[in-house]
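Should a chain be cited, it is by its letter among A, B, C and D, assigned in written order, with residues numbered from 1 in that chain.
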Amino acid sequence: MNSKITRREVLQFVGGSALGVLLSPLPWKVLDDTAIWTQNWPWTPKPKRGDIAYRTTTCTLCQSSCGMRARTIGAQPVSLAGTQHHPFNQGALCTSGLLAHHLRYHPSRVKQALKFSVQAKSHSTLSADDAFRELSAVLKNSSSVVIVDERAGRTVSALYAELAASARTVSYAPVSARGISSLNRLAGNASLQAGYDVDNAKCILSFGAPLFDGWGTPSLAARFFDKRGTQKLIQIEPVRSRTAEMASKWIVSRPGTDLAAALSFAHVLLEERLVSASALKSITDIDELALFLGAFTPEVVSKQTGIPPATLRETARAIASQTPSVCVTSHAAGDDVQDAVMLLNILTGAVGTQGGITLRAEIPGMRSAAASAKQSVQIDDLPDHSVNVFILDESLSGSSIPDTLLQDKLVSGGQGVIISLSPFVTPRPFALQYIIPSTVMFETLGDTTGPFDAARSGLALSSALLPAPDGTLDALQFVQKCAETLSVSLSSTGSSEEILKKRIGALHASKRGQVFMTSTGETTDVKQLATADDLWNALVEGGCWIDEAVGVNARALSFRVMPSIKHTRQTQTTDSNTLLVYPIVESSAYSGKTVSPLMSKVSQESGLRLSAQDAYLNPVTAAAHQIEHGSTVALRTKNGTMNVRAKLDARTMPDVIFVSCTAQSCGNQSAIASSAQDVRLLCEVSSGGSYTPTPVTIQKVYL
Amino acid sequence: METTQKSPRYGMVIDVDRCTGCGNCMVACAVENNVPPAQAKVTERTGMTWMRVSKLDNGLPFPENRSVYLPVSCQQCDHHTPCQSVCPQNAVEYDIESGIVAQIPVRCFGCRYCMTACPYHARYYNWFDPEWADGIERTLNPDVSARMRGVVEKCNFCHGRLQAARAKAAADGRKTESESDYTTACAECCPTQAIRFGNLADPKSEVSILSKSPSAFRLLEDLGTEPKVYFRSEQEWVHTIVKKTSSSELKEHSNG
Amino acid sequence: MLTPGTLRFLAGFVFSLVIGWFVFPYVLYERIEQPLQFSHKVHTGEAGGMSCTDCHEVKPDGRFTGIPALEKCATCHSSQVGTSPHEKRLVDEYVAKNREIPWLVYAQQPENVYFSHASHIGSVECANCHGDHGSTDSLRVYERNRISGYSRDIWGSSISRLARKATWDGKKMDDCIGCHESRNVTNTCLKCHK
Amino acid sequence: MDKQLIARGVTRTSLKNFYLWILPWCLLLAVGLYAVFLCLAKGLNQTNMDNRFSFGLWIYLDLTVIALGAGAFFTGFLLYVLKRKELKAVINSAVVIGFICYSGAVAVLGVDVGQPLRSWFTFWHPNVHSMLTEVTFCITCYLTVLAIEYIPVVLKNRKLKKVPSMLVFEFELHKLMVVFAAVGTFLSFFHQGSLGGLYGVLVGRPFAFRPALGIWPTTFFLFILSAAAVGPSFIMLTTWAASKISRKSLVKPDVYRYLGKISGSLLIFYIILKAVDTMFWINTVSTKGFSPAGFYRMQEFGTWILFTEIVVLGLVPAIMLLSRRVRANQKLLITAGAMACAGIVLNRYVMTIQTLALPTLPFDVFMSYVPSWQEVATFLAVLSYGMLVYSFSFRYLTLFPQEREIQSV
């Protein structure tokens, strides 16, 4: 630096320029622009602009098949709402339905076929072709393959059944709506199709069924409220749930005693001669049953359930006198409970009557359900460790079958294989698992049957608003692939559209039922439609088909109940002061499903819903164990130990810790990264496939 | 149909007897207004829920314990609006043409004074940068701009929809939006129609009739903030509990 | 009489004035050419004989389409109709490949701003905000603010915003507010912010 | 160099000792600056504040620090405006303390707001009804005033005096000092008050809300008075601390007594008004549907907190400071001063933290909050910044004019 320049000289220059800068736009413009920069940070996403349109379609996340209206930018749905006046859901959607358009981009979406080794220690990606090459080897070498179809009644269901029919080693296990399957069992007729006509029931007896919380269609609560007074709902539950709170009557019962309660009701019905002659006649082994039920006097059962004998009797009388009445159970209830409750429906004469359980005629255009039924098996009936391969169709709504059940049926020693058609990663550590990436909602054309809480059967189509990602299959393509690998030829092949059009064509030809059109918002007879394409278009545009009120004549039915009832386990009396852990159905709307990350609003961000890491405690119980709201506690049962967050809730029964039965994986990171704990596993599973209250020790964890 | 001459005052009437606490309003709101999902660290206290369903119970032990759900969003105070007067830089404004208490996040510099001022805890601060799982940002609503970290936001009665309704009115050559074109996402997506939305200034509108019914009440009415969100219940105990404020009712922990 | 000290002071003073008033604005804005040249004159003149609304229309729901999508151009320019090299590029590079043209929008308002053409058309002339853009023969260079990322048209041509040429010179909030006030239209936040 | 900077006639510890003294503060500052960086880069998720506790440690300390810094304006007021010559002995120190408190507070605010780059909106689009606007304007202006008041102290430095123009400048500035003192006083009155108003206006927080006298809630006036009352006490404490640490007597004993006397007479006045205000509040709050007792039924915050604030740390020190016998005994005098300061610290705590902890809605609950290390570190950074500024000023500038004569004696 030039020595001539002194510090003072520099200062003078700087002083001058400082003043000059202040008199120039520079500092002020920079001030403004930096502020504007903070308003447009590059890492804050900018919503895409584009042409806005509305498209109506059908939600396929559960059997309710709600009509939904999507607001789209270009082709991309940006928000969803129920289709007004839709016969299935009357314009209502559930929480997960409202977020269905996020599933396409869910972090745990499978983009390529995956292969999980046993214990899921490692997983590898492979191309679809390689996957099926390996699978054909697997399928050819296995003596017992079971296709599980949790959404029976779809077109693909018929093809699954057909595949099973033509391949010696393959059998088809349809899982019809919970409860209804009991009807099939007791009637010894797998082809029976039925629905709960709750709208016309005068009295509904619910064994912990979350009626207003996702049990049926989202509009069920509204339908009940609008009929306030005229309809009676009796809720039996150990917690004053959302449904219990709104019910006409709430009966407190100890957890896991639904079976006993149901049987005592049956006992009272017989004892007090409240059963119609025709109902008695329909039960072939009635004497045997009467003998068996003799043990379940209200006095005895009262000790287990904690329900006063008088209340038990009153309730039994209520369902007998206030007809039509219908008895329902939760999705999580085991088969034993389901069967016992179905028995009540038989005794009250609800089966086959309006306002009870209506029997549905087959939907035309399908391979006869009777034929399908021949090959069909019930998973529970399969002998343990007899299945080599399970093929799970999880493409629509994941699987609600307990892993423990699959594990029991699969050949032991980790030799079992699970082939799962799924859009999401659903690891099952106990078997070698292939995940074939499937499409999600809005990516595929598919059909779905109507809700089970409606008198009449229905049918709807979901349309593909967005292109399916490469390498993903929908169920119809998948079943054809499977047929190929097993070198079986199916009756109808080709693109999904071709196959579905065939069915809709047949439906139109049958001239049966009515169709709801979103274009007009009105319902017209199928007869009125000139061509099959009219029907097709009406359905593709998010309409729906509803059957006529024709049903199978209930008189024709006869039931043999003892085989399923008699080996029901005696519910063990747990003395009331042992601490129990028991899963409750918080909302079956997203039971066991992968849901949008935005679901954090109702769980993580607000505590409105029980998340998989939470447990409800009664404040009294908490105080007894020095546990505050929100503190972390360790639950230890003989099945293991898990840390959960205690939530004090005076609606729950003391000395019982309630965990969520609907653990769902939402959240921003992929399911592989975060294997969300399933608190249900703390509980033992009954022979009937339901979780039973299990003794537990609780201890506060200091972090 | 045209609204009444004097400018509308939009409001809500929520029937708590019909609210099942399903949470539809919360997610519908988040979808409509581009509210991001929670990050791992987020808790109930840092969560971002313009509409939050809270549980109100009668404080009795099991099994006498009764409870109802109260969907609480910004109560759109009409008078002495507590947040509006305290904002140092006019990021909060009482919108004279709709009665909406407007929050403008791009003006806000995040001092959070308004949050201290709001007795309903209906204002939320962006503790984190918004983060959507890869691809989900494609489902954002173009009618609402996404907010950035470090600013306060709250329910604006789906102002994006109000603007759309106004644009439609302009296209049809009408001065004011027609009420049939404008409803909030929470009201639209409530499966039991517990949430009713409309113009309180129009004496014939459903909401203003409901709001005058004896079963209607508002939160912290004694503060005189004149909220435009009303609640209804036929259950006596709900009215009793709501009258008592939590300071007179000792509560050491929340009940779920 | 100026002491050397005062002179040095003045030197510094003048130096930073020059920087602030002339160098800074030049550095602040990044000049970008439009992807393609376009002449409003040709299209609206006798040759084209089109009107503004032929391409820039308001939908029945009151939404404005803004700059038309490629399909609009393709209706006439599916193959070359004229001799201009730019049209040739339009046909070869965009219409043929069906690629949208990444126009740079001079009047693009920020993400947080809601502007409804529907409610302005009729009471306000296009030129009021867009100047003679509709009759230009070529597209001028687009100037992008390097800090805020905004188009220079938002701030306006005068760096001090003191010498505002016309109503269309500058589209900052103050300009909107000014216009609203002059026509006594209310200035509530929700009118223009989303 | 070091030697030439130190004022004539006074002795200062060796440079080595000085370094040993400032080293820990520098380290603390470094840690704090890292925490600040985290908060600015990642956002306030680094703190433990949340939607309910939207204000936390930082705002609380800002209020406290500014209240204690009030000594600067009040001493200035008494000295220059009311011509209380005795206070010349501490005015320089008072100015430095004031400057530290205010600059520190502003710095923390810069981190506390989510969008510091938009802070200037408050000046460009001010909401004149907001107390916070009032605070922002006054504090910014007053900080400038303090800076100006600080300059002559700096210019008096032995080395800088050598530059003639500087000397002239200092002289001119000094003549204006009375003006600045007056302006400063005015500004301070306002923002001390507005800080109180900050809570007093919260209609939604009946615990903090106070009815308005004229256009300001009563807290406005209580804050002014309380700040003015403890300001002198704090000067007293800091002077005492400085002399203990430097092991030198810096001012004549009567200065302490005088400060104590001012403090006491204002404090008693404040406490009476505070008591009256509280009575009034108890009677009005119930009209808002809140029971005054209910506020004090929450676990930590019993009525004891009210008693401690008004009696133990208010009335008691006030009476002590007013009694000549107490003032005569330095130990008691300092204790009383400390108690008075503690009283105000507690008052600001109640206004900020208790107000937020208390529930308002029927279904809403009492909440507590513990600051994160980032919040604490940021505060410690301000503390150490203060320590450093004061240490340097003490070493190289004349904070206590009397020191030389005392030493020469």
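We take it that a residue touches a chain if its C-beta (ideal position, glycine included) is under 8 Å from a C-beta of that chain, and two chains touch if they have at least 3 such contacts.
This is a predicted model, so every value here is computed, not measured.
K.L.:
Taking each chain's centre as the mean of its C-alpha atoms, give the chain farthest from subunit A.
P.N.:
D
K.L.:
Could you quickly compare B-D and B-C and let me know which has more C-beta contacts?
P.N.:
Most C-beta pairs in contact, of the two: B-D.
K.L.:
Report the inter-chain centroid distance for subunit B and subunit D in whole angstrom, where each centroid is the mean of the CA atoms.
P.N.:
Chain centres of subunit B and subunit D, defined by C-alpha means, are spaced 39 Å apart.
K.L.:
Averaging over Cα atoms per chain, report the distance between subunit B and subunit C in Å.
P.N.:
Distance between chain centres, rounded to whole Å: 38 Å.
K.L.:
What whole-number Å value describes the gap between the mean CA coordinates of subunit A and subunit D?
P.N.:
Here subunit A and subunit D have centroids separated by 61 Å.
K.L.:
How many Å are there between the centre of subunit A and the centre of subunit B, using C-alpha atoms for each centre?
P.N.:
Once rounded, the distance between the two centres reads 31 Å.
K.L.:
Check each residue of subunit A and list the ones that touch at least two other chains.
P.N.:
Correct list: 34, 37-39, 46, 52.
K.L.:
What are the residue numbers in subunit B that touch two or more other chains?
P.N.:
Each of 43, 47, 55, 57, 106-107, 129, 144-146, 149, 253-254 in subunit B touches at least two other chains.
K.L.:
Please set out, as single numbers or ranges, the residues of subunit D touching at least two other chains.
P.N.:
Residues 115, 118, 121 of subunit D touch two or more partner chains.
K.L.:
Which two-chain combinations qualify as touching?
P.N.:
Chain-chain contacts present: A-B, A-C, A-D, B-C, B-D.
K.L.:
Considering the complex alone, what residue numbers of subunit C touch subunit B?
P.N.:
For this pair, the touching residues of subunit C are 58-63, 111-112, 114, 116, 118-119, 186, 188-191, 193-194.
K.L.:
List the residues on subunit D that touch subunit B in their complex, please.
P.N.:
Residues of subunit D touching subunit B: 43-45, 49-55, 112-116, 118-119, 121-122, 124-127, 129-133, 136, 198, 201-207, 287-291, 294-295, 297-299, 355-356, 358-367.
K.L.:
Quick one: which bits of subunit D touch subunit A in the complex? Just the residue numbers, please.
P.N.:
115, 117-118, 120-121
K.L.:
Where on subunit B does subunit C make contact in their complex?
P.N.:
Going through subunit B, the ones touching subunit C are 93, 95-98, 100, 102, 104-107, 143-146, 156, 159-160, 162-164, 166-172.
K.L.:
Using the touch definition from the top, list the residues of subunit C that touch subunit A in their complex.
P.N.:
Answer in residue numbers: 5, 8-17, 19-21, 24-25, 28, 61, 63, 110-112, 145, 147-150, 159-160.
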